[in-house]
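Per-chain residue numbering starts at 1, and chain names A, B and C are given in the order in which the chains are listed.
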Amino acid sequence: MKHWNALAAIAVAVACLSTPAHADKLDDIISSGTLRCAVVLDFPPMGSRDADNNPIGFDVDYCNDLAKALGVTAEIVETPFPERIPALMSGQVDVGVASTSDTLERAKTVGFSVPYFAFEMVVTASDKSGIKSFDDMKGKTVGATAGTFEAIALEKQVTEWGAGEFRPYQTQADVFLALSQGQLDATVSTSTVAQANVKTGNYPGIAVVGKAPFDIDYVALFTNRDEYGFINYLNLFVNQQVRTGRYAELFEKWVGGEVPSLTVPNAYR
Amino acid sequence: MFSYKFQWNQAFARLPQMLDGALITMQIAILSMVLGILLAIVLTVFRRSGSRVLSGIATSWVEIARNTPALFQIYMAHFGVATFGIHFNPFTSLLIGITFNNAGYLAENFRGALKAIPETQTRAGRSLGMTSNQAFGYIMLPQMLRIAFLPMTNQMVWAILMTSLGVTVGMSTDLYGVTQALNALTFRTFELFALAGVVFYVIVKLIQFAARLIAMRLFRY
Amino acid sequence: MFDTALTSSDFLFLARGAGMTLLVTAISVVLGTCLGIACGIFRFQVGPWWAAPMTFLLDIFRSIPLLIQLVLVNAFLGMVLKLKISGFSVACGVLTLYTAAYCAEIVRGAIEAVPGTTRRAARSLGLTWWQDMTSIVLPLATRVALPSWIGLALGVMKDSALVYIVQVTELLKATQILITRLQEPLLLLMICGLFYFVISFPLARLGGYLERRWSND
């Protein structure tokens, strides 16, 4: 009899645990007092580490701004590119501020805000490879960061060319390391990241050689698909960042140059 | 009971791609085992050679392989040696990393196996007029391989499991690499990796079954 | 090669990673060993037939890659059950079961290595099952099991390099983070490898020594 009581208690406990909670995510974040952001930290200038190995970058500041707006403290959770969305889905983070392209395939799994940043894709090549444009990459060994917009597009392109080799690396840093070591001939990455990496001087013998003919890569904040309240909040937050000039300010601080437009001409979002 | 909606058809639709990956995984594991056994025999000979230099090389190899993580060895085979301008593609880097690891562990197993063979057998061989190399090759080696058969099976299983570490050096065609690439496209993490886990499980069981069949022939007397 | 941009705060960062490696290993080995001993004794007591479901479950942990185990458990707890569990707990949980799976086999083998006649003699002298287990089987089986167990514990430490997949910054991940910033892959990898070696090598030697010493009598 005692066993049955224990079993019943366990069953009740399991049932409680598995019943979805009805307080929404926005409430949860505000009441918990911390906002956990997934940020990619080998992706300068969007995310990287300073000399004391503390997180810095556009995405880090963006997360801090969001936390301030919510009146909570921000916690930066470093996630490699392929782990961004699994980290959200498994509840390790509340929101992704991780330069994530808002593809339709991904929107089947997570909910995206309106775009908060836009990238152009460029080709970065090692000097030795003799690559001067996107089309020169045909037949060469090229790579990109696994699971990113550009990796998916580039892999498709290599398959179409039917020549050369495509290698996905786990992190953006590994891609540039491989490129500077001569393991890769060229890579396609976002222009901001390519410029920032070339500028550091950490990777001798590589240069940005031209644009890649991929679409502009709009990136958005993401959270769970069914958290409409929170997604609404994120949309308004992105809008406010632009309206108040904070977006331009952060862009000047981390990237510099002409601030990219976040709207698509002739279409509503 | 679960609020999560499983979409198993998304994973099953990709099973053919994953099975292609499984073939590559098997290929790497088998190659690394064959090379690993050959290298382990060489290391064993080195360690018995009495030469300070040779046995020093062999001992360092064995100790490094056994005392650092396999992931570290594979990472080293790709990004570490590239510092010297030596470039291997992901397939080769992964193969080198696993082979290095296999050879180290197997050499240690072989040493244990040799201890189980009585010294008198070598002397018997020598007194029949064999050279010391012949005595090792014809008498010790076959027995050593037979005694070390079970550890070799285990190492083969580990070699299969170790192929999953190839993603860290840009490998994308093996079973784990394919699964991760599909995950980046669809984000059905649980379904895809569960299916990959089942495929790995089946491969391992097939290897253990095959090993049992071989063992029945090897140890029938 | 010693002309490096590595600062003392970077060493501190590496040391924190090393501490994480040791912490995860210690927790998993302690819990996993307890669980493994329980499973091993259970397996021996009830025989292979009744223990088959347990053996099958434990065997899974030895037949699929640790990376997949971590990804799956993390995804299952978080995505399916929607529990909020830290990556650290997931890492410790999975490594505990992983340790237990191997440990159970070691324990079973060690108990089987104690001759049945010895145990029957003990029982016929009036020892209870518990007394027989603690004063006859324990000392004899420990001699068989300890060297393999040391190997297992070191194996878990090396395999803990994979917990980076659930966002735990252990030694190898910390090394990769520094490589990203400093671009000195070889030096940093050598420091990292040396750390594992310095911990693992003496203990592995101790295991080998015990094995030789105890197998001779």
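The rule is simple: a residue touches a chain if its C-beta (ideal position, glycine included) is under 8 Å from a C-beta of that chain, and two chains touch if they have at least 3 such contacts.
Quick caveat, the model's predicted, so the values are computed rather than measured.
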| item | value |
| --- | --- |
| Contact pairs, highest-scoring chain pair | B-C |
| Most distant chain from chain B, judged by the mean position of its C-alpha atoms | A |
| Whole-Å gap separating chain A and chain C, where each centre is the average of the chain's CA atoms | 35 |
| Chain B and chain C, separation of their C-alpha mean positions in angstrom | 20 |
| Multi-partner residues of chain C (each touching 2 or more other chains) | 71, 75, 79, 81-82, 179, 185 |
| Per-residue multi-chain contacts in chain A, two or more chains | 18, 20, 86, 89-90, 177 |
| Chain B: positions in contact with at least two other chains | 2-3, 79, 82-83, 189 |
| Residue ranges of chain A touching chain C (in the complex, touch as defined) | 17-18, 20-21, 41-42, 48-49, 51-53, 77-79, 83, 86-87, 89-92, 171, 173, 177, 180, 202-203 |
| Chain A-touching residues of chain B, taken from the complex the two chains share | 1-3, 78-79, 82-83, 85, 87, 89-90, 167-170, 172, 177, 180-181, 183-189 |
| Residue numbers on chain B that touch chain C, as the complex places them | 2-4, 63-64, 66-72, 75-76, 79-80, 82-83, 157, 161-165, 176, 189-190, 193-194, 196-197, 200-201, 204-205 |
| Residues of chain C defined as touching chain B within the complex | 60, 62-69, 71-72, 75-76, 79-82, 154, 158-159, 161-162, 172, 179, 185-186, 189, 192-193, 196-197, 200-201, 204 |
| Complex interface listing, chain C residues touching chain A | 7, 9-10, 13, 71, 74-75, 77-79, 81-87, 165-167, 169, 176-183, 185 |
